[in-house]
Structures are given as C-alpha cells and as structure tokens.
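All chains are identified by letter, namely A, B, C and D, in their written order; residue positions are counted from 1 within each chain.
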Amino acid sequence: MTVRFGLLGAGRIGKVHAKAVSSNPRATLVAVADAFDQAASDLASQYGCQVRSVAEILAASDIDAVVICTPTDTHADLIEQFARAGKAIFCEKPIDLDVERVKSCLKVVDAEAGTLMVGFNRRFDPHFMAVRDVIDRGEIGTVEMVTIVSRDPGAPPVDYIKRSGGIFRDMTIHDFDMARFLLGEEIESVTAQASVLIDPAIGTAGDYDSVSVMLQTATGKHATISNSRRATYGYDQRIEVHGSKGAVSAENQRPVSIEVANASGYTRPPLHDFFMTRYLDAYAHEISSFIDFVESKSPASPSGIDGLIALALAEAALKSVKESRTVKVSEITGALADKSVFQGR
Amino acid sequence: MTVRFGLLGAGRIGKVHAKAVSSNPRATLVAVADAFDQAASDLASQYGCQVRSVAEILAASDIDAVVICTPTDTHADLIEQFARAGKAIFCEKPIDLDVERVKSCLKVVDAEAGTLMVGFNRRFDPHFMAVRDVIDRGEIGTVEMVTIVSRDPGAPPVDYIKRSGGIFRDMTIHDFDMARFLLGEEIESVTAQASVLIDPAIGTAGDYDSVSVMLQTATGKHATISNSRRATYGYDQRIEVHGSKGAVSAENQRPVSIEVANASGYTRPPLHDFFMTRYLDAYAHEISSFIDFVESKSPASPSGIDGLIALALAEAALKSVKESRTVKVSEITGALADKSVFQGR
Amino acid sequence: MTVRFGLLGAGRIGKVHAKAVSSNPRATLVAVADAFDQAASDLASQYGCQVRSVAEILAASDIDAVVICTPTDTHADLIEQFARAGKAIFCEKPIDLDVERVKSCLKVVDAEAGTLMVGFNRRFDPHFMAVRDVIDRGEIGTVEMVTIVSRDPGAPPVDYIKRSGGIFRDMTIHDFDMARFLLGEEIESVTAQASVLIDPAIGTAGDYDSVSVMLQTATGKHATISNSRRATYGYDQRIEVHGSKGAVSAENQRPVSIEVANASGYTRPPLHDFFMTRYLDAYAHEISSFIDFVESKSPASPSGIDGLIALALAEAALKSVKESRTVKVSEITGALADKSVFQGR
Amino acid sequence: MTVRFGLLGAGRIGKVHAKAVSSNPRATLVAVADAFDQAASDLASQYGCQVRSVAEILAASDIDAVVICTPTDTHADLIEQFARAGKAIFCEKPIDLDVERVKSCLKVVDAEAGTLMVGFNRRFDPHFMAVRDVIDRGEIGTVEMVTIVSRDPGAPPVDYIKRSGGIFRDMTIHDFDMARFLLGEEIESVTAQASVLIDPAIGTAGDYDSVSVMLQTATGKHATISNSRRATYGYDQRIEVHGSKGAVSAENQRPVSIEVANASGYTRPPLHDFFMTRYLDAYAHEISSFIDFVESKSPASPSGIDGLIALALAEAALKSVKESRTVKVSEITGALADKSVFQGR
C-alpha cells in the first residue's frame, strides 16, 4: 500500500515534509496547497505533484492523508475539517495557542475516530530514540531526574516572536514533550523562571529569551529544562536521564566530526546551526512512523493529547513566572473531567 | 615565612587537611587536638607533630593559624575563641546550621579584624578555576546561565543525615557557593523542588535525596542545580556556564582515562568514587591559598560572608520546597541592614 | 542539464550507486545491465529504469555516462569499450589487478580523451574532506606524518579473498589512496609487514589478514597504515595528519551517539558495522562529484592514474613483505617513462 | 622497613627522583652526590639530606639503595661498582649506548645477584598500567596489533642530540619498551624509516627528527611507532592495543580538562607540555615499585635485560634505516648464546 499525501502549506517546514514524503517508498505526494500560488507551484514542480486548493484536497478521493504546515491559527479548523473528511492528519505543533480551543478540536477528532499525529519531531531523532530504548530495556533502572539543555543558535525576528505565543509555547514546548517522553509519566507541577538577557526588544514584545523550568511528577521524579534563544556554538540539544541504576545521555551533533590540534588546544567544529540539518533524520522517521499508523489504523503517537498536554505545560510555566510559584498542571487542564479527551490513554 | 598550624579535629576531613598542610613547603603542622586521644595521637605520629588540647593551641605562641575540622556545632564557638586569640582561621563549612548564629559569629570575627576562610574546596579545583579564568578573560562574554550537576556516589548513613541540617545545607551548599562563584553576582531568589527517590529512610528522617534548584540574580542571570544522593557511575561533578559569546564547561574526572572497545561498544571507567580523591588537588590548593591570605594579611576568600550566604541560600531553598514558591534571599538574610556583616564586600 | 546513466552490474555496490544516481536531482538512471537477469530486473523495477544488455548501453544515444560495478576482471575491457563509445565512465576500484593491464587501459582512455573516474569513495566522506580542507587552509602547516587505522568488522569469505588480489589490493588500496590524498605528494617507497592472525584459512589462500605499512615521499614525509580484517567494535576508520603547526584527525563514526553510565563505566555504542552505512554520504557526494566532471568536461579526480598508483603501491607492499625490504614505487611503475600515461598531472 | 637511599646526580631527572623518594613513606633520602657541589647542596637542603661523594655513598653502611641519574656514559661503571657493594640499584635508561657494554655490565650484576631496575617510567603511568590490566584480564582476547604515537612538544638542543645516541636510543627507546610491555612477547624483527623534517641542524648532527617503526614478533603480532620531535599541541603520548576480542587505548592527558565553545567550535586546552608533569604519578609509582623489589628481594622489573633489549631494538631500527630492510633483532643481540645474560627470564 502506498499512502497518498496532500500537503497544506509550502513554507519552510512544508518543504521539509515534502522531501520526507517524496523520499519515502511507501508514500506519494499527490498535491500541495498554499495561499501563495508561487510557493505551491514551485514546490509542486520540484516534487512532481499537483497544485490544488485546500477544498479540492479535502474532497479528493485520491488523497489518504494530509500534512498540515499552515500558520498556527489555521491548524484547529483544518484538523476538524479533515477529520470529518476521513483523512489521516499529521499536524505541525501546536494545534492552537489556546488550550480550550485545542480541547474542542480534539473532541471532534475523537468523535470521528480520526488519526491525528502531532509534529514533535525530536521523538524521532535516532539518538533520542536510542536513549528511550536504553530506558525501556531497564539499563538505568527507574528514571529519577531528566536534564534537558536546549538552545537555539539565534533568536527569531521579533515579528515572529509576537505571533509565537511566547518562548514557552514556541520553543520550550518541544522540551516539555521530550521531558514527558523521557520521564514516562505525567507531570504534576511546573515551576519556571524567565529573563530577557539577549535582546530587550524581546522583552518589549512581552516575551523572554532565557528560561529555566523544573517539572515534577506525582511520584517525585524531576525534569529540568534550560533554554536560551542564543548559542554562538550552534544548535545545542542535549538530553540526559539519571536513574536508579545508571544514566544515559545524547550528545550534541555536528555536521563534521574532526579535531584540529595546535598550540591553542584541541578544537572540534561548531554544532549544526539549524534545526533542519540537525533533525534531518528525525523528520524522515517521523513521516515514516505516521505512515505506519495510517497503514495499521492504530492510534498515532505523539497524539493530539500529547499536543494538548505540552501546551498546558507551557501555559503553566508562564503562570509560574507571573506568580512566582509552583503551578499544578491541573490548574490549566482542569480536573481532567472531560473524559472523552483523555480516554484511551 | 612558614605558617605554623594547629589542627582541630583528626577525623576524615582533618586527615585531608593534615596532609595538605604537611606537604606544603610554606607550612608546618605543629599540633593536633581531638576529643578522641587515639585519633589525635595517630595523626600526630603520622605527621610528626604534637598532641595538644584546644586550650593549649589557643594559648600557644608557636601557632599562627588553625584548621577547624571538628563537628559543625562547635565551629562558631571555636571561630570566636580563635579570632579573639588572634589566630588566622580556616574553618570547614558550614560555620553553623543556623543563620543567626553565623551572623553573630561573624560580628566577632569582624570586630577582631581576624582572618577567616571557609572551606568551599571546589573553588580550588584546577578545572573549576580554569572555568572561572575563562570567564574572567571575557572569552564567553557576559555570563547568562550556569548549570551545575552534582551527584554523590551514594547516600551517607541516615544517622549522619539526621545531624546534617538536610541535603540543602549539607550537599547543595557547595553548589550554591559554586553558583555564586560562577555567576559573579549575588543571587536574589531561590526556587527548589525536592523528593525522596532513593531511600524512604531519608524521608522518614525529614530530608530529601533528590533536589532541583533554580537561582536568579537581580540582573536576571540563571543558575540551575541538580543533586542526587546516588550515582552508580561515580562522583558526578559538572559545571557549565553559558554566556553571550560562548560557553565553558568542566568535564567529570576519573582516576584512569582508558577506553575499552568491543562488541558492546566503547567503555571508559567510572568516575572517582570519593570526594577526597576527586578533589585531592583542590584541598592542596585551598590550604596554599589560605597561607597566601595569612602571609599577606589580606581578607580571605571564600570568606565568612560567603559561608553565611551559601547557608542562607540553603535555607531559602528549603523554604521554597515547603511553600511551593520562589523565595527571596532577603527573606532569610534580612534587608542586609546589619552593615557590619556585609561591609567591605 | 541532466546526466543520463547506465549502470553495469546490479550487485551490492551496484545498488549503492543506483540509489546515489536516483537520488541526485542532476542525474537520471536510464538502464541497468547484469549477467543475472533477475538482479537487473529487480533493480530496474525498484528505480524505474530499463533493463538493457551491455552492448545496448554501449550503443545507446540516450546514455551519457556509465557506472561500472561488474566483477574486477571485466573492468579494463569495459572501460576501453565505453571510452571508445564516448561515454563518461565511473569505475569501481580497481581497474585491474595487474599493473600492466591498467597501463594499457589508461592509454586507450587517454587516446580517446575520455572522462574516467575511479571509485575511491573515502575521498568524498564529509569528515575526511574536512580534514583535507584544514590542510589546504594551512592550519596545520606542512604535512609531515599521516597515520591511518583501517579495520573491517569481519573478514570476507575465503572464496572472495581468493579472487580479491590479496589484502593490499583489496583493502589497503583505499588507504594507499587516502595516504596520497592527505600527503599531497607522491610516495617514493613502501615497506610492509603482514601476518595471519585471524583465520589460518586466509593464510592457506595465500593472503594475510593483519598488515602494517610505512610509506615515505621524496621529501621525507611519512604515512603509516594499520589494517586488520577483524574489529569486534565495528568498522574502524581513522585518519590523522601531523604537521609543522598542528594536527588534524577524523574520529570514528557510529550510527547513534549516546552514552550509558553505570557502575561498569561510561559506554558509547559500537561503530558502524558496514561500509555502506559508514560511507553512505560519501557515495552520494562521489556520484555528485562525477556529475560535476561530466558536466564541466574537466578531468575527473580520482583519475585512472590515481587508480594505477594505488595499485602499484599495493604491489610494492606485497613485494616488500616477500623480500623483507623497502621497495621503491618506481620498481613497479617503471621510470614513468611512458609519458602518455602520466602526462598532465 | 624503610629503604635508605643515596642519589647519584642532582640534575633535572635527579630532582624528580629526589621528590619521589622523599614523598614515599617507606623511603628515606640519606645522601646526594653530584659533580657540581652547588647542585648537590641545593638538593640536599631542599630535602634535608646530606651531601656525600660517590665513594662515600658506595662505602656507606646507612644506605641500602641508589638511584643513578648521572650522565649516560657513567651508568655502566656505577652499576658495576654498586652491584659489587651490594646496593640495590635503580638506574635511569639507558645503561649504556653500546650493546656490548650493557651485556658485560649485566654479567657483573648477574654474578653479584644484585637488584637492578631500569627507569622505563611509562610502565608505571596509571593509565598505561590500566591498559596492561585490561589485557591481562583477557578483555581484548589475544593481542594482535599495538599502535604507539609518541611526540615531544619540541626538539632538545642540538648539543644534547649529539650526545644522545640518536632518536632511536634517546626517544623511541621508551616506545620500544612500551611495545614489548604491551605485546607480551619478544620482538623478532624491526623495520624503520626516518627523516629530518623539523630542523636541518638535527640532520647535520647525524640524527633524525621524525621516525616510523614497525615491529613483528615470532607469532606475527605487530607494533607500530610514530615519533616526532615536535608537536605544537603538547606532549602527545598515546597507546592502543587491538586484539581478537576488542581493543583498549589510553588517551592523552592534559593539566586541565575544560572545554570552551564559541562560534569557532569546541576547544579543549593543549596537552601537558613536559614529561615531568605528564608522568608525575608514574615517577612516584616507579620508585614505590622499586622499593617493593628491594624489600621483597625479588627480581626487579623492568630489569637490566629489558634495558638491553630496548637498546638492541634501537640499534636494529637504525640499521634498518641505513640498509632499507627489515632487521632481525638477533642480528644485534646475537643468538642469545650468552645464557648468563638471559637466564632466569
């Protein structure tokens, strides 16, 4: 079986997924839609697919699945439409910047029993997957403390930051998901501190550029996250898990691993300077994994609920900074009374 | 000039300092005192010094300086006595478990204009000193985020824990001092979370074995600390400083640095399993540095105030855990109104 | 312009090149030929190309270039035929196991002014290219000593060894080429020692499984090569260049770079266990580079002469072992009197 | 029991051993002799020992053992005198630059049944000892190939080089001994190549500054050695042993192990720049081991024979370079007919 794809959004991340879909022997890229005709037709001619409107893709009988790479504020509506149309859906994170909107969207998906996968690409990085495998094999015993350091090479434009929902929803959200992925249980409380150390314009825009977060689960496990919007040495992405029997870590990745020695010392090159080269393999594995779920009709992972919880953690972190206190996740998600959302987990 | 030493306390850490003093060409170990005669005479015969009582050392005209390695609850009294006797004082941390007692003790030292150095040995580790040097040379620009991971190979006996003042005062206190040493400015607020993950008996004793701490300065700099009372892989001691122009880190140390490769992979030996071997060089540098201060009659560093502040940070961390909120350091130290304590910094 | 390819040989290495050609946006795989119909048609259906005979590819007007992946004893004849047919040629190493046959073949290529590139894939590994770049930028000054360690995960079947021309022609030949690539000047003399340490059957077949080689240039530069047919820890491929101002090295590569720490120490996973995964990127860059030469009609590198010299070094090494002495390369190649072969270098 | 030492020679290496002896709780430094009165009295006052003549030390009843650190051309005579006087002898390498003189000297030691240890300090480096331990525990199976890279930070003065016996006897001799130590069996043949790449004055003095050596044992095991008299990055000392089940290596050592990251990459400091800091621990272990042999009256290791064989390997290497061929060690040592020298091994 070959899964036939429609791509919604031909921007930066859309191109990444177009390449991943096209390179996958179990997938065909049938059509692309974009608000900018030129972007759509450029991508279409590069990958030999058609340009169609969103409506046409929605109605198409020759399309099984869509990849949603449009602006964030369109995600929830598109998910609902395509879920109702019976298409399998891969959506870039976040589903929406508002927790309540995400909940209502997920109810629709739930009602349609649709396949929805959310794009937390880092879970599919081969090194991070190997860390998870070490944990699963019991090599480090019971997980106790997760340490995540995640720094971007440089801050995005302030215009982007204004639309981003803030650093917790835009950047830390990946680390919240990674913390859950590695802890292996739900987070109960969030405590965060945040500063503007890099660019005052970021502060003026109401956001932060340097944040630290502590997470705790009901059984007392810890995770800490350290984020900065700037790292001169490249895209700094490290995870480490300490357990009762040992620890496991994933090192940073660099494009070339040579070392030059001279009177100044021993120097290795900087890290990757862009998430697309750093996570190139992860994007390919992510789409391949989505195809697995589509083919097997099994629930996708990371799911819509995973997307909701990561967003709730971001909101809790922001609340923690504002109120200088530890925030319970249940303050954000409610008492999880809405069982339809969380059922089946 | 040779500095003539008296040693108070011939226990585990006393032996470390006896060795450091004896090996230093600028020092002579004249006498040792210990509540247990046998301990004192054993150490005296090993290093060729006399056994004397504390009172005799206090009155001795042939002793310039003392190293206080007695139980914590005797530190403050001894410091006051020896300051009044005009001896230079090196005291193992902490000065006392109670912040107010430390303050009153420091007032006495202050009034006598005495030399008091507090034993934060890690500042003298050659690798950590090199990290500080990199910062001082401006190689990483402005310091922004400090990350400290500090894990003991194993938990001490519960009896020890009961007398220790708790993990923040006993273990994290070193990391609080290291955070200040690396941040280069005072910490304004402390947020902590703490769990019992290793041994329920530690919880029964009212303490924790796994803690995470976030610190923030008035200018918004961050430090995070991750502590565990157990690490199967050895004495895990890492520091990392991220700044505006780069980052600097100190790796873990191991007794032998070989690597064995086979079908299971590439394996390097575990780390040091004991603080005395890990910080062997640090203890020697520490005493050497103390001798510098004694000889030059300049204020010692780390000072009594450094000891007080580290203790206050520990108390703030404990308060943060209890109250699930960020605690201002000034809540513990007061508004620093007592200028006599903080003057001259 | 798109370069249209014919592929000769659909075996293991043929498949590698089929993938590299197919994935390259500047190339089209038009046809494949193989003595085994099934192998050819399998590959053809996978990559959507035709099955043709060698004669048909030779005569085809819709094919610009061929990739020769057939058995070694057919290489020289095929090169001559396709050079006369005006096709650009990429040929897997070696051109032939006999130096004189290689010379006569290269004369034909020379006479036809044809494009011939020989498959020394390692020159195109991104890490090794980066080493060469460091040298070219003068960062290590004048090259003085090259050290190459190259070990296979396991020995090939004895049947393969019997047809291989021996370890120097089959395995070390890559290191001979790498030594020249890194030294940047011609090798004057070769000294080698060889043993059978792994499998007596390899000795019975007249070959060795463990060899050491020293090379020297006219100006006195050194290279050493250490080869083994077995390494339990994976495909061990390291190069290091020591120069007047410093040194540069390329580390081993592993599929995942995690580290597990426990009471036994710190363990990273084994290396790649297969040349195809280790040099996956190198194969893609190699074909891309060949396309550059075809498009620009400039002389290919590594050239037929590079193939000839590497083979001559292998022959010199074997002679050195047999005669327990240093062998001049000119003893094998002759006094380079045949200028038509070496002209233009 | 305390071993009472006389020290012959108060130069650079004499000071190293004076420190090692003085720091050892099982040893006392009783007296020092040196042709330069000032050197002897300086060292005597530093370590609180007497200045005596060689004759006085020879006749002294309060001296059990001597450490010979005088110029090389006095070693053999001193060894004979002190062996006849019944003193235990530690002698810096080499015993003599002439193989026949070493043989005759060892006959005297043999006849007196004296204790003679030769100063191959690297065997006592904790990292290299750990490599040997891994081999002894069978972790890498049968040893097959040893790789040694050994580079000095800078060339010694040409005056020194003229008296040194040449690079093989002066520098490579340590690596010859290390190769034997790691191979665990005798070397049968030596092949070497040598160049002058650093300083033409070294060539004018009849010596080389860059050498490569291959060694082979009777069972076919290999060792390769790469030496340079210059390494801008410090004192480069690496060993690696490849065996049937795996490999083990010892990394380079540096005084501080920090890493600075910025836009230029990740930089660790240079290596030790001097053998005395690099091998500080080794010298202490070496003297401690000598004391073991003196106390237990067991044969010392490395022995006089070990010194003889390392020298013979150096001579074989030089002969190999001169004659462009592999040289059998038996060409230098003879057919080992002189059993008195080799007995008891």
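Throughout what follows, a residue touches a chain if its C-beta (ideal position, glycine included) is under 8 Å from a C-beta of that chain, and two chains touch if they have at least 3 such contacts.
Note that this is a predicted model, so its numbers are computed, not measured.
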Any chain in contact with subunit A as well as subunit B: C, D
Which of B-C and A-C has more C-beta pairs touching across its chains: A-C
Geometric centre distance via CA averages, subunit C-subunit A, whole Å: 41
Inter-chain centre distance, subunit B versus subunit C - centres from mean C-alpha coordinates, in Å: 59
Per-residue multi-chain contacts in subunit A, two or more chains: 232-233, 245-247, 261-263, 269
Residue ranges of subunit B touching subunit A (in the complex, touch as defined): 142, 144-145, 147, 149, 151, 189, 191, 193, 195-198, 210, 212, 214, 216, 220-222, 224, 226, 228, 230-233, 242, 244-247, 324-326
Residue numbers on subunit A that touch subunit C, as the complex places them: 23, 126-127, 130-131, 134, 139-140, 245-251, 253, 255-263, 269
Interfacial residue positions of subunit B with respect to subunit C in the complex: 232-233, 261-270
